[in-house]
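Below, chain A partners chain B and then partners chain C, in two separate complexes.
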Partner chain A sequence: MAAVKLTSVNVATHQEMWVGRAIPRFEDEALLRGEGRFMDDLAPVPHAGHAAILRSQLAHARVTRLDASRALEHPDVLGVLTGAEVVAMSRPFPVGVEGVRPYYSAAAEVARYAGEPLAVVVARDRYVAEDALELVEVDYEPLEPVLEPQHGEVVSDRTFSYGDPDGAFSQAALIVRERFTFPRWTCAPLECYGVVADWSHAGGSLTAWANFQGPFTLHSVAAGALGLPGAKLRLITPPDSGGSFGIKATVYVYVVLLGLASRKLGLPVRWTEDRLEHLAGSATATARETEVEAAFAPDGELLGLRYDIVDDVGAYLRAPEPATTYRMHGSLGGAYRVRNVVSRNRVVLTNRCPSGLNRGFGGPQLYLPLERTMAIAAKRLGLDPAELARRNLVGADEFPYRTPSGGLYDSGDYEAALDEALELSRYAERREEQQRARAEDRLFGIGLAVVVEPSISNMGYITLAQTAEERAQSLPKSGNAEGATILITPLGGITVRVGTTPQGQGHATVCAQVVADALGVRPADVEVLTSLDTSTSAWTVASGNYSSRFSGVGAGAVHLAAQKLAAKLRTIAAQELGVEPHEVELRESKAWAGEEAISLRRLAGLAHWNPDALPPGIEAGLMETAFYSAPNLGPPDEEDRVASSAAHGFIADVAVVEVDRETGAVTVLDYTTVHDAGRLLNPLLVDGQVRGGFAHGIGPALFERIEHDEDGNLLTGSFMDYLCPTAPDLPPLRIGHLETPSPFTALGAKGLGEGNTMSVPAAIANAVADALGIDHVELPLTPPRVWDLLQ
Partner chain B sequence: MKPAPFRYERPETVDETVGLLAEHGDDAKVLAGGQSLVPLLNMRMARPAVLIDINHVFNLDNITDDGGGSRVGALVRQSAAHGVSPLVDCCLPYVGHFATRNRGTVGGSIAHADASAELPLALLVAGGSVVAASTRGRREIPADEFFVTHFTTRLEPDELVVEIRWPDTGPGVAFEELAQRRGDYALCMAAAFVRDGELRVGIGSVVDRPTLLEIDPERPGASAAEQVEPYGGLHASADYLRHLVEVLVDRAIAAAGRNAA
Partner chain C sequence: MTSIDVEVNGRRHRETVEPRLLLSDFLRHTLGLTGTHVGCEHGVCGACTVLLDGAAVRSCLLLAVQTDGARVQTVESLARGEELSPLQEAFHECHALQCGFCTPGILMAATDLLGRGRPDRAEIEDLLSGHLCRCTGYSPIVDAIARVAGADAGGAG
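After this line comes the complex of A and B, so read on.
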């Protein structure tokens, strides 16, 4: 599959089509006019009470008394739901590992992290609700907190071996051994969680509006906790989102908590999380300790890899965890051709906020160790890191490439992308500049990262946490499907409804482009509804916004539905025009047969107003639903091999840094990233995702780390101390693209929203280690930490 | 993050304001730009019974020339304070962000006396002063007496900052800061003033208030570092912060010398 090189986002590769063009987002005008509709803007039911949540002050404590009587005396307090009532009224959340400590939406007897909900106070407004929180009396009996992963309870411990690792290590000319810590960090979207919950005692059902992002597997988890059949939990998402980056998957916990409050109090309840709650109690990325051993041949061939991974998921194993541990399972060797891999994966509990989805999800945690190890090996082998990478990259002629752990890399030309990155970054010149800088005693470093970016997760990979025997006892899980519906109204208006719950990426724009191509209209003619309603939308358990799945399966479902509708329009038009359906062409909002045309509006009118005139076998109306499922995503096999993702993009990054020897401050002088994400559906949106992923990767590389004190109190509980990079903190970024279409997605597109979050921490770590001339660096590389490394 | 209940007052004159302060004293808080106070209210770390909003007080936002220096009304926004003093110009880029400087006031920053705030250090090194008003009259408090410790000044509970006086320093000044992100509170900052053989150097962020230091001209940074006992913290160790004092003092003195030339 040939790679097409793009020189600029303004160059469209498919000029005659809307897909591929860098058209501006349709979403923007409403947002700029203040017409966005976010969770807190919605008032779907009248007279809702406002909730505030009482949270544990301690990381680990027995709650010996919780007395809300003084709060209930407040005239504007409507009621209180306690943790004990939560436990009585609901079931533990289901999770993919048996026998773990039960997890409820609030704690009853023992609080296991600072910030864990203990009770919900509902009042006339949020001010009063917060006043009343102070009136709830809680007595704690402190318990010893567990904060270090090595002391945490191990809830899952599995070892996977592929190929002949022992043989590979016995032949090695060089073995690199290193330990790495990937810091706990978080997504920090502008908009925090929000829920409106409306329990119906008549229906025995809960309707909840929440800024949930999927995956809708978690709808089943929430329904399970509530003891409701799926159809009795109606979940509706708002049309606009103030960002998620993974973290809003975990809103489902609060759908249950507020749902129970609504049920107990007999009134709708609304809750908007504030920033302090969000940082203390929403979710964080999994913190990972990794020991790596890598075996190399004298020429630099990577012969084998051994990982010993400990993932700290916090106080509870909460669905979809331990997915972080297995998301990258098909890509344990990254972009390299290594055939012998062993990985021991342990998942441990500590007294910290439970983990959840976070952009990159397992990728940053894998690539920091892997790419640092490659850089260290290059140094020891006397090779330039780019040369060592080149010798090990999967070759362009090897696709589709099956990795030893079962991953199926769909397409790519990794070496071409690496070459493009080296050229765009003026790599050779930068190496010469480095020599001159070193002669002047300056600390100048260059770091590379070459990573495979998996997208469109296999719903079955998580079952690797179970043994093959355990898996055999339940229904196999596989695939990744999405639905979409397209309606043409009697006047020819086109409305699309998707289940991809966009969080600001611009899905509506791309969906309009896809439909425009299929139906021969302009994107501006297409309305796209992004609000998902589990009672009325076309969705599947895999729906939602995660694993960068939109361009692959989300746009794919829209494409399929549009094709179905186009086929129907052609059939109707063929009868009117007196030709065969395959002779009909849809363009310019008309159906054409040669020089003759019939307008889309007229065709729509016919289908709605005059069904008698439709061709035989054609149903009245114009509404089609389609589901697209990515192929090749089978359940894990008996040897624990799994194609954990459907599509695999490739990224080659070059970071150039200078370190101030006096202060330890790292300045990123230049950063180049070259992507191959298959066919680019809208290059403007693509670059937005690249820049966002880059900013998100700069976070743990240079700024962000969640810290607790020795008692488990959160030290980074506000944006004063939790340091998200802001716009002026971001270094300049050069972006390049190659396009190697994926054969496994409907439109040839691959996900690309997470890749730089995976690559940037590794590339920056490599650059700083190169500048300092040392092997061991720890993220984030803040000035005080770098200065410590210099001492 | 909603504040505890408070009574809201919106006076329109200084007399009215100091009258309210005389009445409520320690129970009251003055709201100017609100860039520090409002988050503190929302986090319930500040719980005044009365909030006195001075944003509608007349004639508190004037800048007047004062023989080469400036008299800056307490309500002058930080973004409007460019040009009042070379040291203010040096430090303003480090003060928060564009948006916060459009609301935040010079007087509010000085009255708030955050040990990590730039404007108090600038005022101290510039040799400026604070004019406070109360029902008892007005008085001028030199900056080197004004700042006591964290969030604590010589202001009495019934006093309102009405004016900040920036003397003429000439161009020989500089401000150096290291923050982890643009606009953050600094890990460490240093300001220097050089004129006619006179040298004045102060540091901030690392101790409880902006502090002037005795400088050995042979080894300026090192002599400065010997005089401070920084608090280590979440973001940086005491050793690192002491080292930063040395580096930033050296840089500030060198830059002030260049600016003076």
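After this line comes the complex of A and C, so read on.
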């Protein structure tokens, strides 16, 4: 399918579409007025006790004594929950690998990372709760911490081979071998975790409010730990969430911990995480060590790839891990046509904070090694990196393209996007400029990254951590379904409810655009509720806000529900207007048949007030729920092949940097990114996602890394030590778009929220390596690290 | 406990507070002004920024008792009834907010800056070096403030 600039696909209409327009957001006004409703702003139940969490001060230690008696003597302390009680009252969290060390929401006997919860103190206010933490006496017997992945306990070790890798390497004219480290880092949303937990002894149930973001698989994980049937864990998210980028998936651990505190103490309990707790004990990206071997033909054709991957998931294998290891499994060759691939994937435990979802999730860890390897190969082959990429990119005539590991790339024109990036970045001129700079002894570098951005994860990919025989013994897992509900009230008001748990992405605005097109109303006529309630929302195990799935399946479910409702409105209107349903057109808040029209309000009134008058077979009321699932996502096959994602965008980036020889400081002079994310539902929000993903890519490229000392103490426990880029730190960004619709999503859209977080670390690393004329660089490329490389 | 008399958003409050109560907690939990957000409680992220006698301050680094006799303005004071302020309107038009958690602090800091003159883009970026935003990549925020300042609005790059 050729790349085209288009205005609409799939939905035929006579009127101008709302989808595709860059309309500003409906979400903004409340947030700008200070009327946002974030977790800590809410008091969903009265008289909640305030919790503070006692955390291990050591990375690895036996807890020989934990005595809370002095804390309990404090007149304003309401109670204490200890790790031992957590273990007695709950079960280990379920996880996708058998036989791993049990993980509970608090530790009882052995603490395995600095910051691991040991007890919860509940008091009349947070100040007193924190005072009382000081009154809990803990004796530790220090144990040797394991901090290096090569010394960590291996909990999963699988090797996957596709095609004929040995044959490919035996024919190679050039073999590139290199080692890469992707740092442990975190997207660090501005709002930390928040939970209110209210246990009902009468109901034997827990109602919890938390700024959770899905996937709702984790609802099952939390319910499993609590020993509750799913319906007895009611999880509700607030209307607003202050960023997440994956990190807040892991708040489920605290839903369990605070739920147990509420159960023990017989009162509702609330807790808002502080920044030190967040940096020490929430979740981080998985740190990865990769050894790559790449085989090339004399003309630069990439013949084969060998990966040896070690993923450090921290102190416990915690659901949904080891998903980081497998999220990109269908895309092991990135955007390249390589057919022979082998990957050994090991997952190891260390005495660091357990990993979790984090923007890019597996992508940055894959593309740093792959794109650095391509740049090294280009240098050795005497080719420009853009030319080497061009010779290997999957061709525009090859879609849908099946990768050797089972991925199904839906659509694209990678070469056209690369050309666009080269033009937008004035690549040829920049190369000339580089020659002049080098003649002046300046360190000037240009780096490329061409990456495939998978979106809409297949729930089944995680089962690749098991062998085909192990998988055969349990329920096959696959798919990516999302639900949505639309209600039209008796007065014609339209309310949409989604389970996509946004944290600022603008889902409400896009849903309103989608519904406006389907029902022939204005987006401003559509109210969208994004607050999830697992007891009343339409959702599936795959629901939530991760793997950039909103524009594909989130908006898809809304589109489908709106189509169902539109069909019903047409049927009712057809009877009133004396025509056939297909002759009815919905526009301007009316149903039209030729010149005659009936208002939406009147149709709604009829459906609610006068059901006797409805056409035969039409139910009363106007409320529809629909579930949408993108196709082609089966479980892994017997050969361990899996279509790990439904849609695949493409990104071509060009970074131009200069390195200061005296200080090691890297200045990004210019950065160009060209995306093909299929049909763009709202270009204003699209560029917002691109800019945000870019900033999160610059983080681990140049600034961010979670550091511990040799004893496992956290060195980056504040924003003074964990450096997030600020406005003057970010270079200018040029953005370009192509729109090749996806044939596999309802609206032709692909995800695009994570792509630059995947591509930027690779492009910056390539540019700095190019500037320095060296092969081995390690992220983040901070001035001291670059200065070391210069010596 | 200490008695304080403070004007917040034009309304006078006489409250009795613990001397250790942070201004941010006083605003949020005593007065119910939850528009002021807390992102780090160590003065780096800037989400809790409010105006104290017209100057931008970190409410997480001040105690409520330090505002005795002073005038405090929070994000809730910016709109005029139904009408958003020009700065709020510019944030909306420029897509200068996503999750909106850092936004109140940035709005208050920018209100202070804009009250002191007509900043150029470099001055606006310098102001924003004291604020963390993890969603927007900052440039739309610079655009929005520059639009109100009448500075170069087209330099988003």
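We take it that the second predicted complex is superposed on the first by the 780 of 791 C-alpha atoms of A that agree within 3 Å, B and C clash if a C-alpha of one lies under 4 Å from a C-alpha of the other, contacts with A are read in each partner's own complex, and residues count from 1 in each chain.
The rule is simple: a residue touches a chain if its C-beta (ideal position, glycine included) is under 8 Å from a C-beta of that chain, and two chains touch if they have at least 3 such contacts.
Computed from a predicted model, the values in this text were never measured in an experiment.
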> Just chain B (first), just chain C (second), both, or neither: which does A:Gly506 touch?
Replying inline: second
> Where does A:Pro189 make contact in the superposed view: on chain B (first), on chain C (second), on both, or on neither?
Replying inline: second
>> One more residue to check, A:Pro728. First (chain B), second (chain C), both or neither?
In response: both
> Of the two partner chains, chain B (first) and chain C (second), which one does A:Trp787 touch, if any: first, second, both, or neither?
Replying inline: first
> Touching A:Ala613 in the superposition: chain B (first), chain C (second), both, neither?
Replying inline: neither
>> Quick one: is A:Leu715 in contact with chain B, with chain C, with both, or with neither? Answer first, second, both or neither.
In response: first
> Should A:Arg275 be classified as contacting the first partner (chain B), the second (chain C), both, or neither?
Replying inline: both
> In the superposed arrangement, which partner chain does A:Ile774 touch: chain B (first), chain C (second), both, or neither?
Replying inline: neither
> Who does A:Tyr127 touch here: chain B (first), chain C (second), both, or neither?
Replying inline: both
> chain B or chain C: which reaches more residues on chain A?
Replying inline: C
>> Shared contact residues on chain A, chain B side and chain C side combined as an intersection?
In response: 127, 274-275, 718, 720, 726, 728-729
> Can you list the residues on chain C that touch chain A in the complex?
Replying inline: 18, 20-21, 28, 33-42, 44-45, 47, 74-76, 78-79, 84, 88, 91-93, 95, 97-104, 107, 124-126, 128-142, 157
> If you look only at chain A, which of its residues touch chain C in the complex?
Replying inline: 24-25, 27-29, 31-36, 38, 40-41, 127, 187-192, 240-243, 245, 274-275, 503-506, 684-685, 687-688, 691-692, 694-696, 718-720, 724, 726-730, 732-734
> For chain B, which residues count as touching chain A in their complex?
Replying inline: 1-5, 43-44, 97, 178, 180-185, 187, 234-237, 240, 243-244, 247
> What part of chain A is in contact with chain B in the complex they form?
Replying inline: 126-127, 130-131, 274-276, 662-665, 703, 707, 715-716, 718, 720-721, 723, 725-726, 728-729, 782-784, 787-788
